[in-house]
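Chain IDs A, B, C and D follow the sequence of writing; residue 1 opens each chain.
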Amino acid sequence: MIICMKQGAPRTQADHVIKAVEDAGLEPAPLFGTERTVIAVLGDERELDMKKFKAMEGVENVMPVLRPYQLVSRESHQGDTIVDFGNGVKIGGKEDIAIMAGPCSVETEELIMDVAEHVKQKGAQFLRGGAFKPRTGPYSFQGHGEEALKWMKKAGEKTGLKVVTEVLDTQHVDMMYDYIDMYQVGARNMQNFELLKALGRKDKPVLLKRGMSAKFNEFLLAAEYIAKEGNSKIVLCERGIRTFCGYSRNTIDINVIPWVKKMSHLPIILDPSHGTGSYEMVQPIAMAGVAAGADGIMMEVHPRPEQAWSDGDQSIKYDTLDTVLDGIHKIAEVVRK
Amino acid sequence: MIICMKQGAPRTQADHVIKAVEDAGLEPAPLFGTERTVIAVLGDERELDMKKFKAMEGVENVMPVLRPYQLVSRESHQGDTIVDFGNGVKIGGKEDIAIMAGPCSVETEELIMDVAEHVKQKGAQFLRGGAFKPRTGPYSFQGHGEEALKWMKKAGEKTGLKVVTEVLDTQHVDMMYDYIDMYQVGARNMQNFELLKALGRKDKPVLLKRGMSAKFNEFLLAAEYIAKEGNSKIVLCERGIRTFCGYSRNTIDINVIPWVKKMSHLPIILDPSHGTGSYEMVQPIAMAGVAAGADGIMMEVHPRPEQAWSDGDQSIKYDTLDTVLDGIHKIAEVVRK
Amino acid sequence: MIICMKQGAPRTQADHVIKAVEDAGLEPAPLFGTERTVIAVLGDERELDMKKFKAMEGVENVMPVLRPYQLVSRESHQGDTIVDFGNGVKIGGKEDIAIMAGPCSVETEELIMDVAEHVKQKGAQFLRGGAFKPRTGPYSFQGHGEEALKWMKKAGEKTGLKVVTEVLDTQHVDMMYDYIDMYQVGARNMQNFELLKALGRKDKPVLLKRGMSAKFNEFLLAAEYIAKEGNSKIVLCERGIRTFCGYSRNTIDINVIPWVKKMSHLPIILDPSHGTGSYEMVQPIAMAGVAAGADGIMMEVHPRPEQAWSDGDQSIKYDTLDTVLDGIHKIAEVVRK
Amino acid sequence: MIICMKQGAPRTQADHVIKAVEDAGLEPAPLFGTERTVIAVLGDERELDMKKFKAMEGVENVMPVLRPYQLVSRESHQGDTIVDFGNGVKIGGKEDIAIMAGPCSVETEELIMDVAEHVKQKGAQFLRGGAFKPRTGPYSFQGHGEEALKWMKKAGEKTGLKVVTEVLDTQHVDMMYDYIDMYQVGARNMQNFELLKALGRKDKPVLLKRGMSAKFNEFLLAAEYIAKEGNSKIVLCERGIRTFCGYSRNTIDINVIPWVKKMSHLPIILDPSHGTGSYEMVQPIAMAGVAAGADGIMMEVHPRPEQAWSDGDQSIKYDTLDTVLDGIHKIAEVVRK
């Protein structure tokens, strides 16, 4: 931690800060410059609320030096985390690019079965689909709930696909456990800390979607919540952030992919369906994500998007899926060989 | 709903869209322009997923015409909603400006009692304080939980202050009910829809803080979730949004105050502590909020901010509180007479 | 400047950085922590490109300590700058709140004369109006240019109002000089550095509008460009920044007003017309701005907004102007007594 | 244009709007719904200021239907624009991926010559470098100006590279003409409309960088300014937008690449140096850009970034350039075959 005093702050104010640092069990190293005093602080600042120093008289600014996350940090772990789903399905490292595909909502048993068979045949390893839907408005379809989970489980068993679906509330965590292969935390719940803790106490993998306004450290600290409780099977997912650009549903922060690779050992995948909001952009952006180093792609697929109960505009059709996967795999060959 | 076809889209594509509109039980009114066909749609579009039309061939864009929220809309309700807490404490309309003050975290029983007595004496009607703390990182103090609620209740009973505190999880809703006077939904949970529904089934007022990246409609639709379940005692709260400006913790969207007044009958208050992140800015921004029409101000107050367990940098001291309240009341006299 | 080395960076890398700091004429003060080496740097870092240190091997981050602006900094100047326009018209400090009013575009001589007389009578000190219009699209009305300047000058002479209008290009600076009392730099040109330099070499006041995506330091550094050339008659203007909120034209960053007061001696005014984009919000937001400490308000006024050639939706009518000014002056009495 | 009346707006208000539409020479098509009246307007709305209708009583909202840009629109031009620089160097369509490389600032003649020879040998077609530098602060190096242009021209002639450099002011346009092959408009000047017009009257290609807060339509309308004056040799460039994410210098809006391809016939390139601000991210992001469909990549290259006068942290070294180009070309083979 670095504490910058205000210009012209009297020596007594600096002395108070120095004493407060010592009282907190850390070692102050003051530097008295010509314009300003700077107090460098040695020791672990992470368990401490740094804001209290900013409340002291004469303090201009307090800057952290250490990264606030630990378990998910690249510094804490040799090599890349590879999340293993059994039957040879893995995400991370140099493993095959992971493909998660399926409808936005699990509308009917027939639909999910049909999509599952189609995407399996095309090479996907995961079936996605919403049973509990976090809809912006209360008058929109809210999902079929547990009934839909049963259909998904059946589709997963029939096809061998791993099932991934969103969990909205701590009260659903146990109930969902037996139906699914991976819990998904949606963007709106990335900082639902009680939910993160509950998932951290399970042994099933968690797909953690980045919040719409999550800074990098916040994203990794959400993962840290899960890891701290004991569950290290975490896959991160970039799905677009909220910016001033209105032409696409969200703005994909493509930079975050190499930055996660640099700062963390966790795998990261990209969701071009939510990240763009437009079926026409899924292919180029999926390919861009793989080129940037993503370990997988999650896509919304629907046989008849114009009849979908939700997100029809960003769902691709079966025949488009072929083209998209072809593009993804060609890029993956270049970057993941 | 207005559906714009692409330039040069053939008539057959427009015909498909027209038929789909009819199939959805709505009435299409197509206009064949020289450059583009536009299909206006009469009828209630709100229960429908408009995105499905955007998935149809030849469609360029789909624009809603009706506001997606109903119960919380100004159009649905004559006059302003006034939330009544008993003992003459009310928020909204031409009622006195509401003052909510207290520490960020309920650190000890002594602290909360001391703050309660002080802020009561200065004219606050509400005691705020965190029992369950949604902290960005898992290594930060997470709050004393139910124990802290007991202290708050005692402080409320002793001083006559109404108690408002944050609820983080559906599993805490019932337990908290008897301790508090108002549930607070934090910014990170504004779209925790299961939590909103659970609070909608209670009869206690809800303080709904705007999410950091919440658009206007999303903010009002979150309130609509609560209202739809039967609870209309809702107070909105602007606490700053996330922008590129790094100098303040958040950017207060001051425009939202008059816009809420125009579009909704619900009261809205401002939180200048989180909205600025700096004790030095609380006064001018609190005054600005009242001038813009806010029905109340929520502030973090601490006797010794430099020892606070959280948010010390944005908490004001007791003597500053006097000055801040003086400024607030002078402005309130001008705008709320 | 503080240079943080990466965790585990070998001592030789730190030694290279230390040497580079010395070569740059600064004094390094290295601190060898258990996890990380931090090199504090004493001396003036402002003339130096700090990024070069970030390019060195083993460097994780480089943080500035000194503020990058000097002449416009509160630290460099006792008291508030008061910009004097003659005839008792001044902006800043405890001077009367400045009112700048007029149409978006100077459409006709009759219009500008009519508006000038009206706003003068209501107590405005400045006439605003666009002669050169920076329009988003090339097919929109681009302004009458020098002809409009002549009309404005005439209106200023007749009414005693000071004339403020936007300058778009360095080639117009000299030509405009005799027609106007204050150059306005629009948001889109806040970082048109050649224009800033040219205005810095003039002795007329400059109204510097904040760019839509300008960070705080960038805003003050734009002012520093003007000041460095010798012109210290600078008035800052907040007119809204670009955010994800689409319901208002821009998002007013109300926090910037007290922050400018803290960090700089320059006056700052607010433009609620561009900051909201809606005539219905001008009054509450103008009042909020004054409550937050703004030294003036700039507003678009038009006798018939529904016929305005530009910005009709955010222009207020004559009768609304009365109400708005009444509100502004009541708040000003509270905060500027 | 679609004009939505407020709910409950009386028929007389709608009639006024209908008449105003007719007076503007357009054809109104009113639809009287149960909740609201909607007035669709047939005819070309682009030369009109739509905001004036929003100023009319009873109007809730006005929505454009036509795209505001014309010449640069995909609808106006069959096929892709290919900008031809002579000697077989072209950008756009299925042409080879364009590589623009060079230092941030043209520091010395030796430097630019050295870099030019190196990047030419590696396969770049363009030499970039700043002669006039738009620096955030006035105390930073502002570029060598015309002297640097002479060195660049010499380097271009010696190596056969095409020279591209930034123009900051209308007064430099003529002087620069003979030294360079392509004018660059920087992000800060994207809406310097006088500059755009001046370049539109030249016959040299223009590289138009997207402004940090430019919406899609604003980006294309800036290009339209150039095209309207007669110069259609325009290459767009995405270089990152300003968002709340602080970890990278800017946030690359990767979505804009396929969206430009859909909406316009102009080529678009990506600048991963400014878009990330970090030499470590240049390779994966350059590859992502090509995968998304970019027609070229612009990169900052410096033999000794730790001694660069500007942007050292985002400049790659010579040996890194080899790896980056290898990655780019492998991806280009997949997507541009």
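Everything below uses one rule, namely that contacts are C-beta pairs under 8 Å (C-beta built on N, C-alpha and C of every residue); 3 or more make two chains touch, one makes a residue touch a chain.
Since this is a predicted model, take the numbers as computed values, not measurements.
Participant: Comparing residue numbers, which of B-D, A-C or C-D shares more than half of the contact pairs of A-B?
Facilitator: C-D
Participant: Copies chain C, chain D: same or different interface, half of numbers shared as the threshold?
Facilitator: Chain C vs chain D: same; shared/all numbers exceeds half.
Participant: Quick one: report the Å distance separating chain B from chain D, using the average Cα coordinate of each chain.
Facilitator: Going by mean C-alpha positions, chain B sits 38 Å from chain D.
Participant: In whole angstrom, what separates the CA-based centres of chain C and chain D?
Facilitator: Their C-alpha centroids are separated by 25 Å.
Participant: Between chain A and chain D, what's the gap in Å when you average each chain's C-alpha atoms?
Facilitator: Going by mean C-alpha positions, chain A sits 31 Å from chain D.
Participant: Two or more other chains in contact with one residue: find those residues in chain D.
Facilitator: As it turns out, chain D has residues touching two or more other chains at 213, 242-244, 246.
Participant: Would you mind writing out the residues of chain D in touch with chain B in their complex?
Facilitator: It is residues 2, 4, 7-8, 29, 31, 33-36, 38, 40, 42-44, 63, 65-66, 75, 242-244, 246 of chain D that touch chain B.
Participant: Given the complex with chain D, which residues does chain A contribute to the contact?
Facilitator: Interface residues on chain A, with respect to chain D: 213, 215-216, 241, 243-248, 251-259, 262, 275-276, 280-281, 284-285, 287-293, 327, 330-331, 334-335.
Participant: Quick one: which bits of chain C touch chain D in the complex? Just the residue numbers, please.
Facilitator: Per the touch definition, chain C meets chain D at residues 20, 46-47, 49, 51-56, 68-69, 134-141, 168-171, 188-189, 191-195, 197, 211-213, 217-218, 221, 224-225, 228, 242, 279, 305-315.
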